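Shared between the two complexes below is chain A, which pairs with chain B and chain C, respectively.
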Partner chain A sequence: MLTLELALAGLGIGSIAALAGLGLLVTYRLTGVFNLAFGAIAMAAAYLLWQAVRVWHWPLALAAVVDVLVICPIFGVLLERFVFRPLQRRAAAPAEKLVASLGVFVVLLGGAVLVWGAQARLDAPSLVPYRQLPLPGGVQLPLSTVVDLAVIIVVGIGLALGQRTRLGLRVRAVVEQRELAELQGLDANRVAALGWAIGSMLAGVAGVLMAPTLRLQPYGLTLVMLETMAVVVVAQLTSPVRAIAAGLMVGVIQAELARVHLGGYSGALFDALTANLFVVALLVALLIVRRLNETGGDDAGTTARLTTRGELASARGWWLVPALTLAAPLMFNAQDRRVALAVPALAIVLVSIVVVSGYSGQISLGQAGFAGLGALIAARLAAGTMPGFGRIPGVAVLVMVPLLMVPIGLLLGWPAIRRRGLFLALTTFAFSVAVSRFVFDQPSVTSGLTVHPPDAFGSDNNFYVLELLCLAAAFLVVRNLHNGRVGRALIAVRDDESGALACGVDVRRLKLLVFAASAALAALGGALLAMGSRAFDTGAFDPTRGLIWFAAVVVFGIDSAPGAVIGAGVLVALDAGLPQGSSILVIGLCALLLGRMPGGLLHSMHRLFDHTVRRIAPGIVPDVRQRPTRAVQLTPAGRAMVGQLRRRAAGGQGVTP
Partner chain B sequence: MSSGLDVVDLRAGYGAVEALHGVTLSFPLGAVVALLGRNGAGKSSLLRVMAGTVAVSSGRVSWRGRDLARLPPDQRVVAGLTSIPDAPNVFHGLTVAENLAVFGQGIAPDPVFEVFPELRDKASRLAGTLSGGERQMVALGRLLLRPGQALLLDEASRGLSVGAVERLYAVLDDLATPERTIVVVEQYQPDILRRADLVYVLSRGEVAWAGEPGELAAGRLPTAFG
Partner chain C sequence: MSTTLQALGLSKSYNDVLIVDHVDFSAEAGRITVIVGPNGAGKTTLFNCLSGVEPIDAGVVLHRGDDVTGWSPDALSRRGLARTFQRSSVFPTLTVSDNLRVAAENHGRRGILRGVVGMRDPGRRRAVRTVRTVLAELGLSAIADVRAAVLPSGTLRLVELGRALCGQPDTLLLDEPASGLDDAETEEFHQLLHRLAARELAVVMVEHDLELVDETADVVYVMDAGRVVAVGPPGDVLGRSDVQARLFGHLIDRPLDQAP
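Up next, the complex of A and B:
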């Protein structure tokens, strides 16, 4: 039986989801960027309002106007100018823009924690006074829900009508093909800045309206926004009506289901499903929806543009840097070496991203899920609590974990066969969210788990050597995937999938192979991570970890396995030496600069080095780029024709052919 | 000033790869200039540099004596350059009518439909669903709506039927006035030689030959183009 009160309560949650989803959708249509930072901007706007009203004691109305109508749009314009314009300039792929928005997300989140702390605040200023509106039948509707719904309707109508205006047409042209729009006389920079200003303003509106209902907390507020992606997927990135309907519907269903109580294990699962209904909706939507209507050109699918595309072959001595990174901890003192245990393990996880995203071009934001499952399986195998298995001794666990993960990798690889680009990115991210919510967060699955290094490798030194051996094995796999026939086929798929198909490459099988290999590697890395820290920590495999890892791999060169090792070293070192979260902030800032460093940080440094040497000592590094000019003279007849044309233009006389 | 489009000692390229190695060419007002050359000769790169979508590394680009190097592409359109790139040449997610309206800015699309009646029934279709030739017609529509004083056409006849090519050239004939410069890049199109006043042949990013179409027709094609 449905009840009206619960439905109305659900409408409150639903309207928040619809508002967030609609804002994200409008931002996407205005900028062509699936702005993962939308939630972070909303969170920052909510905190700014809190700061202005509670700390500086500004009048609420003034603070809200300055926050939403001045600061948020200016922030949007700055984002366009310094982060996304450089990317658009060189026709960056959606993957690059996604990573840049991830950078914004990370920087805002880190900044908010730094300034306002991670604790929740319950005194977010509310723009809408708390009042219940009586409805016929004795039920009541909060005024805030009415305001949310009104804003949704205004934004929805604005989007529908705005697309038909001349300005709307210009925005669509710029989002679709920026260069072509400029060739038709449109000032693309201005149009894009306007899009970002409006997008950020909508995020601000969503943030200040939602904060009082949800409570002010950096991670919480941002993650709620990420979960409402379901709404955007249902709308296929296009239809505001469907986005609104989906948001309201999921909210109402969630509220109605809250009444149902089941007992036992199935009851716990049911409660988990209900509590995370937006995650369930996201998964279902991603499986049902055939395609997302992405903007931009047709080669939008892969990460190919993130790679160096072999522009500069690596120098021979290049391998020394990662080798030294890995060898150094052997000489550390005991405490530092304990910290360094995370480096080879994390390197294997990052290499798994290089395999799937760097070599074969498939965006995978879900590696945290694989890594966490690997850690979980390792713990259970060692304890003898894995269903269907006895107690597995020592090192055999590390062999079993990747093997057991292959089927799960194939499972995720299957939807990836037909999904590309943003669609695939969202699918893999949803996978990792689902694993986190429905496996890691379930006490019955993860409580009381302990995990240790294999007995023979109990000392830190021995375990570190074991990790290095595993990393070497991982590199062997990677080498086989990157070289020879398979490697060439993978690069072909990455750079041009239909072209690869036309050449007889079995794209299906390759994708499955790559996802399986990548899942196995990530699981191995995850198992080692957990063994090194001697604990199964669900926080270490949170979905946002997967986002940060992906950004780190892109920053250090998405198709560079040595880069992944260096990246792991830098991440661990930063976290050990600086306050918690510094590494995330650094990765975020680097991701913001991707527009200016194509091919990643290391590749750009390499290029800068080359350039400097060429400047200082020309001749040492041969400059293959420039060739001397050969002067070509016009033929006599040609010269005569130019003279005639000049005279004609000057005197207005005709030419006799 | 009687000068039209001029490039002097122009170097430009993509990342580490230089595509134009010091090109000096003059495209006078009143001339139809054919720019020929093999694949990868630098023809399209030269057009892109003039249109502003590829940055100049060194050298000069000027239009009627005005230095263009610092102008973004949209300002060059205002200054009178109309460029029709090879690909992508239309907005796939916009309808044919919307595509024409982006450039037309309030001008009715009828002149386009008169020359290319094939498009009339497809005005409300998404440009991404058209055939290659039809897309090219949409792109060429700009010549009929608001043609600038300098027209840069990259493989304008590509994908068009023989009849449509004829109509395109008729349009170009009408547009060829003493106050306008027309630059046409073609891979292989003998017809353009009958209309061109000047022919430049590029090879490997350099000017390989410059002369009059009659000389080319007389079989004095340089080896660079053979």
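Up next, the complex of A and C:
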């Protein structure tokens, strides 16, 4: 039976979710960018309010107005001006814009951890005083619910009216056809700025309203806000009305279900489902919805534009850098070596992202889920508490973990076959959120777990060597996937999927296998990570970790396995040497600069180096951009074509029809 | 003379608009079949239906007598039905020879599994040889090691054609293969088409240049608004006034009954 009181309480949460979703939707429709950073913006706004009220002792109302109505919109406008407008101007691929928003996300998260620390605070200022309004019939209505509902109604009406105005119509024109609208004298940049301002403001409002109902904690709050993405997916990125309806409905159902109590194991599962109904909604919506109405072309899918695209042949001796990175810890003192244990493990996890996102072009934001599952399975196998298995001794665990992960990878690969680009990114992310909420957060699954290195490798030195062996094995798999026949086919899929199909490449199977291989690698890395730190820490496999890792891989070159090793080294070193949060901040800042360094940090350095050396000492390094051509006997058609190529190179123009 | 590819009653609609409307089509080995028709007639969509890229609403597709309706494009490609696209689908990151190599190698179920576990490809030698032959035939050997990203669009057309040939097809579907070629290249291209047809390949292509169609085609299909409105040898079909009206009516903007 439904109770009115619970339903009303649910409406409060529901309207906050709807609000966050609306902000996301508006930004997306007005700018074509799916702003993954919106959860982080909401979190930052909540922290700013806390800072102003609790530390600087501003009056609450003033602080809230300045925070939400001034700082958030200005932040949005700055984002448009300095991050997204340059990308728009050079017609960046949607994947690049997604990564840029990921960069903003990572910067805000890192910044928040750096400034406010990762610990939770319970005293987030509440905009609405706690009061119950008595309704007829003895029902109590919380004042906050009234306010939340009022805000969503006002925003909804505002947006609806805004769409009808002349400006609204012209804005729609920009969204549909940016170039066309620009020809008609409409300033597309202003419209985009408006979209960012509104989107950031709504994120801010949602964050400020949501924080008091939760604890104020950088990762946690951001993740909860991200979960409200469900609302947008249900709306298929289009309908604001559906987004609002979905938000309110999930909120109410959640409140109603909270009343039901079942006992035993299924009861615990039920409670988990209820408490995380937005996650359930996100997952279900992503699996049911056929397509998202994405803006932009259908080549939105792959990460091809983030890769080096074979621009430079890799320099000789290039392998020395990652090799040295890995060898150095063998000479470290005991304390530093303990820290360095994370490097090879993290490298394997990052390489798993290189495989799926760099080589085959499929965006996967869910590797944290695989890594965490790997750690969990390793711990349980070693303890003998894995259902269906006895105690697995020593190193055998490290063989079993990736093997057991293959079916799970295939399972996720299945929905991933048909999804591309943003849709795939969201699906993989939702997977890792679900794993985190329904597996890692369940005390019955993770409490009392101990992890430690296999017995024969108990000393740090030995374990480090074992890790290196695992990394070497991982690289063997990677080599199979990158070189030769499979490597070519993967690049073909990444560059042009329909072309690959036309060549007879069984794209579905290939994608499945890559997902499975990537999941297995991530699991191996996760298991080593947990063994090295001698603890199963769910925080280490938080879904937001997956986003940070993805950003790191993109920064260090999404299709570069050596880059992943160096990236792991840099991340671990920064974390050890600098205050908490700085490494994340650095990665985020680099991700924001990606627009200026296509192909990633290392590739750009390589190119710069190459360029400089050729300037200073021409002839010393061969021009790797143009490999020497073989001398062959040409047919007449070939001669004609080579002639034409030369002419074109001289004239600098092609004969496009 | 044998029919390699045949379609009966093929229909396809988008948003309840029939784009391909009960089309009967067949391609004969050793012949050049050309599809002409105004923009938006549904030629590319017909290709997409034949090659399995788009699921069809009604009809049957037969390849060498077997019913292949609903097959996936990659399976059809491995069966010997190769195609090119109107918008280039060359892989820019790969070199020209690697582009061809992808098509020459076996990337079916067994092939992929063997590759992923690191087993050697038994067909490796043959693939390399095929690629070399095709490169030489198209005059692409000189740029075999150049990345496709830096090539002009006319050359990309040839690369894509070469890629289609590397699968050792019996049927070639070419969507406007001559666009972007200059006169000399077009002439070369014709010779090539005839050589291919002489090898008992069924060549099917979409082409706008009627002069060229007249010279090369054995059979012409005229499409308009999703229907095949005329079929036959170019001499018979292209001169017909109703066909001319359909092909040029859009350009000169005259009602059908007043057409010459």
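Just a few scattered comments:
Just so we're on the same page, the second predicted complex is superposed on the first by the 484 of 657 C-alpha atoms of A that agree within 3 Å, B and C clash if a C-alpha of one lies under 4 Å from a C-alpha of the other, contacts with A are read in each partner's own complex, and residues count from 1 in each chain.
Rule of thumb we're sticking to: a residue touches a chain if its C-beta (ideal position, glycine included) is under 8 Å from a C-beta of that chain, and two chains touch if they have at least 3 such contacts.
Since this is a predicted model, take the numbers as computed values, not measurements.
In the superposition on chain A, contact is made by A:A188 with chain B only, not with chain C.
In the superposed model, A:A456 makes contact with neither chain B nor chain C. Of the two partner chains placed by superposition, only chain C is touched by A:V486; chain B is not. By the document's definition of touching, of the two partners only chain C reaches A:G499; chain B does not. Once the two complexes are laid over each other on the shared chain, residue contacts for A:R172 go to chain B alone; chain C is not touched.
Of the two partner chains, neither chain B nor chain C is touched by A:L324.
Residues 311, 626-630, 632-635, 637-638, 640-642, 645, 648, 654-655 of chain A touch chain B in one complex and chain C in the other. Contact residues on chain A toward chain B in their complex (touch as defined above): 166, 169-170, 172-173, 176-177, 179-189, 295, 297-298, 311-312, 598, 607, 625-635, 637-638, 640-642, 645-646, 648-650, 652, 654-655.
Of all residues in chain B, only 2, 4, 9, 11, 13, 15-18, 21-22, 24, 26, 28-31, 51-53, 72-74, 77-78, 83, 85, 88-94, 98, 101-103, 105-106, 128, 142, 178, 197-199, 205-212, 214-215 touch chain A in the complex they form. The part of chain C that touches chain A in the complex is made up of residues 51, 53, 72-75, 77-78, 82-85, 89-95, 98, 101-103, 105-109, 111-113, 115-118, 121, 124, 136-147, 149, 151-155, 158, 160, 163-164, 166-167, 179-180, 182, 184-185, 188-189, 192.
Chain A makes touch with chain C in their complex at residues 304, 307, 309-311, 476, 480-481, 484-486, 488-489, 491-492, 494-496, 498-510, 513, 517, 626-630, 632-642, 644-645, 648, 654-657.
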